[in-house]
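My structure is below; once you've seen it, I'll send some questions.
To keep things simple, chains are lettered A, B and C as they appear, and every chain counts its residues starting from 1.
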Amino acid sequence: MESPILKTVGLCAYFGQNCVLKNINLSIPRNRVTAIMGPSGCGKTTLIRCINRMHELVPDARVSGKIFLEGEDIYNMSPIILRRKVGMVFQKPNPFPTMNIYENVIAGYRLNGIKLSKDEQDRIVEDSLKKAALWDEVKNHVYRKGTFLSGGQQQRLCIARALAMNPEILLLDEPTSALDPKATSHIEELITNLKKDVTIVLVTHNIAQAARVSDFTAFLFLGELIEFGPSDRVFTVPEDKRTEEYLTGKFG
Amino acid sequence: MTKNRILVRILKDRIFLGFVLFFSLASIIPLFLIVFYIIKSGISAVNWQFLTHLPRPVGEAGGGISNAIVGTAILILISCLISVPLGIFAGIYLSENREGKLSYFTRLCVEILQGTPSIVIGIIAYLWIVVPMKTFSAFSGGVALGIMMLPLIVRTTEETLKLVPNTLKEASLALGVPYHQTILKVILPAGLSGILTGVLVSIARIAGETAPLLFTAFGSPFMNFNIFKPINALPLLIFNYATSPYSEWHTLAWGASFILVVFVLILNVIAKLVARKWKVQF
Amino acid sequence: MLKDKSGLLRVWGKFERSEFFFRKLLFFTALCMVILVVAIFLSLLLNSFPSLKKMGIGFVFGKTWDPVFNQFGALPFLIGTLLTSFLALLISIPFSLSISLFLGEYFTKGIFSSILKSAIELLAGIPSVIYGFWALFVLVPLVRTIQVKLGILPYGVGIFTASLVLAIMIIPYSAAIGREVIQLVPSDLKEAAFSLGATRFEVIRRIVLPYARSGIMAGILLALGRALGETMAVTMVIGNTNVIPRDIFSPANTMASVIANEFTEATGEIYLSALVEIGLLLFVVTTIINIIGRQIVKKMTIEV
């Protein structure tokens, strides 16, 4: 198997005195979809927010342990650079309301003051929207503000925006929990197509979705990594009793 | 409960409603009286000469309020230059730092500033600027008005930015956008309509202020573009002419009042329009 | 090894620097507000020293204000201010309370509500000097006729006239806050009373007003703060007389109006300093009243 793209070693996360992640040792395989699941409050959102160092934006938040992206300690690099390598899509679609679709997709570059020629920008916007399976629906409307888009389309716009930065990893924090079933299945299909270009880490509380879409699954419970392995094994013959109880719905 | 008792209670209820209606409507009678009086007395004075000529000494016909109009414009410009950047950034600080000692004291001081009588601000501008400069000036007047604008701008900026959802900030930061760009290019534009409304409303407020100008801008019969010299302003002119014994000057003052009230009204209408039309939906 | 914000200092690149400076800039502008207010207080205090030293606490009780003989007692103005403000408050309370009830209880939405709201906003937006101008030409002759009818000296100007125009000017302020707190009264309390057969009046009298009482008080307090500091309209109709007023029809001066009238004429260190000291008094009193008023409003809006 290839070397993992991301490794956490002894990762602990704190809000003040409260420890929410306890000694996580996780390896994320490249070009695969890894699902992180677990009951509410288990720390799965905190975990991915540690990966792109958004966790430390909360006052009183601390982290100990190490995280390596392609072998580099992410705490030895600027968080800004890191966040350009690791993209994130949030639970509720959040396109920038003052910008149109085109500007939203290219926002990562423009807001950073990175100068690109008009042709390059056009190319990036078209590529990203195509990868996010949104191009056909908006190609004649790219200069309109995104408010006319449906929830699912807005979320795909956010995915396109993240993809435009050509990240190595894409973190998805419950991306479909605010969407209807049709939009959800669009996004799930998208995820499966994207993994050949970018590694995907998907946080979800929807067990069926994790089973449908992911190649590997990590199960978190009360801040601890209980189990990690190929999805078809974890979902059929889980090793840990707690995993089994979660999968059979004994606790939410 | 006898029928009579109930009738008495219903009667009391109706009488009370009558009182409320009476007093409420009576409160706005002064409004109509004042507006009617301004229009009646003022509109006859307003013509092209009125707007473009300088004031003439008593006894000479004609004359206008051009220097007061220009003066008010210059004072508004100076006060905006001082208060808008300062106020907006302080408002950003407060919306980004909800808790904390400095936030607490800043909010307290903004409240104190808002309640400070305008004449006291005039004294301060006199002590800080007129005395060292040894002259009355438009600059000192602008500073006084700027200090008066600050609390409103800080408050509206803070309130507006608090309404911008946190997810917007996170989306920007997650893209690798540095903090200051996130604030300046994502958060501020999202709150622009509210902030602009606050600025317009502040301008409407200080455009009519007289007390802080009495010993700062001081007034002048000449047209003046030098901000380090005394300058005339609409409210100053109205005050000086209204309290004079000459009826021609009274007429001019009514005309100036008309212009001032129309100006304040237009600003308020524009502010409402901006608040509605430019509001960003999240 | 614990990694927190301080650990990042090792990795400072240009992004961290820009964030650092930007945050410091924001910090500094907020600090400016505090520095400004402290500087205002200190300036007023410092420039009052000559007068404070010469007259001490007697300043507040001194009855004579005579610049020619360098005698400065502020009592006439304190009394003038208190009389005009409290009289204005008294006159305005039925009006502002009615408006608060109108907008907060009877007509919370709809065309009547919008009309009254707009009218009140307009009233609040008219500049003070125009109020004074109008009062000078309309209220003063009116009061003069009343005084003639009552057989007293027809000054026209004086405490009464000033209180009248002041009352009109402060109505919007207490009305706005009153409306807010009345709307905050939980509807289930009112509905419980209605379902027991109470009339509107009874619900207002026994449920709404007692509940909103402290908020209404706060509104009145803030209106008082506004009245104390109001300068131009009062200056134009109060008669510019530096003696303790004998009755409410006497001409007088308030703290704000004596400053407005005499500041530019003040020659001599003590004279100017006495005026500044009056400004200091004004500043301190209005600050205290405003803070108390806003604290009450804040507590009310949090409790609900």
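By definition in this document, contacts are C-beta pairs under 8 Å (C-beta built on N, C-alpha and C of every residue); 3 or more make two chains touch, one makes a residue touch a chain.
The shown structure was predicted, so the numbers you read here are calculated from the model rather than taken from an experiment.
Engineer: Quick check of your reading of the touch definition: is the inter-chain graph here a line, ring, star, complete or other?
Structural biologist: Contact map by chain: complete.
Engineer: Using the stated contact rule, I'd like to know whether B-C or A-B comes out ahead in C-beta pair count.
Structural biologist: Taking the two pairs in turn, the one with more contacts turns out to be B-C.
Engineer: Please indicate the chain closest to the centre of the assembly, with centres calculated from CA atoms only.
Structural biologist: Chain closest to the assembly's C-alpha mean: B.
Engineer: Counting only Cα atoms for the centres, state how far subunit A is from subunit C in Å.
Structural biologist: Taking the mean C-alpha position of each chain, the two centres sit 54 Å apart.
Engineer: Taking the mean of the CA coordinates per chain, how far is subunit B from subunit C in Å?
Structural biologist: 16
Engineer: How many angstrom lie between the centres of subunit A and subunit B, each centre taken as the mean Cα position?
Structural biologist: Computed from C-alpha means, the inter-chain centre distance equals 48 Å.
Engineer: Could you tell me which residues belong to subunit C and also touch two or more other chains?
Structural biologist: 15
Engineer: Provide the list of subunit B residues touching at least two other chains, using ranges where the numbers run on.
Structural biologist: 178
Engineer: For subunit A, give me the residues that contact two or more of the other chains.
Structural biologist: Each of 80-81 in subunit A touches at least two other chains.
Engineer: For subunit C, which residues count as touching subunit A in their complex?
Structural biologist: Where subunit C meets subunit A, its residues are 1-5, 7-8, 11, 13, 15-16.
Engineer: Residue numbers of subunit B touching subunit C in their complex, please.
Structural biologist: Against subunit C, subunit B makes touches at 9-10, 12-13, 16-17, 19-24, 26-28, 30-31, 33-35, 37-38, 86, 89-90, 92-94, 96-97, 102-103, 105-106, 108-121, 123-124, 126-128, 147, 150, 154, 178-180, 183, 204-205, 207-211, 214-215, 218, 235, 238-239, 242-243, 250, 253-254, 257, 260-261, 264-265, 268.
Engineer: For the complex, which residues does subunit B have touching subunit A?
Structural biologist: Answer in residue numbers: 165, 167-168, 170-178, 181-182, 185-186, 189-190, 192, 280-282.
Engineer: Hey, which residues of subunit C end up touching subunit B in the complex?
Structural biologist: 15, 18-19, 22-23, 25-27, 29-34, 36-38, 40, 43-44, 47, 94-99, 101-102, 106, 116, 119-123, 125-134, 136-138, 168, 171, 175, 199-202, 204, 222, 225-226, 228-232, 236, 256, 259-260, 263-264, 275-276, 279, 282-283, 286-287, 289-291, 294
Engineer: Any idea which subunit A residues touch subunit B in the complex?
Structural biologist: 52, 54, 57, 80-84, 87-88, 90, 92, 94-98, 107-108, 111-113, 147, 158, 161-162, 165
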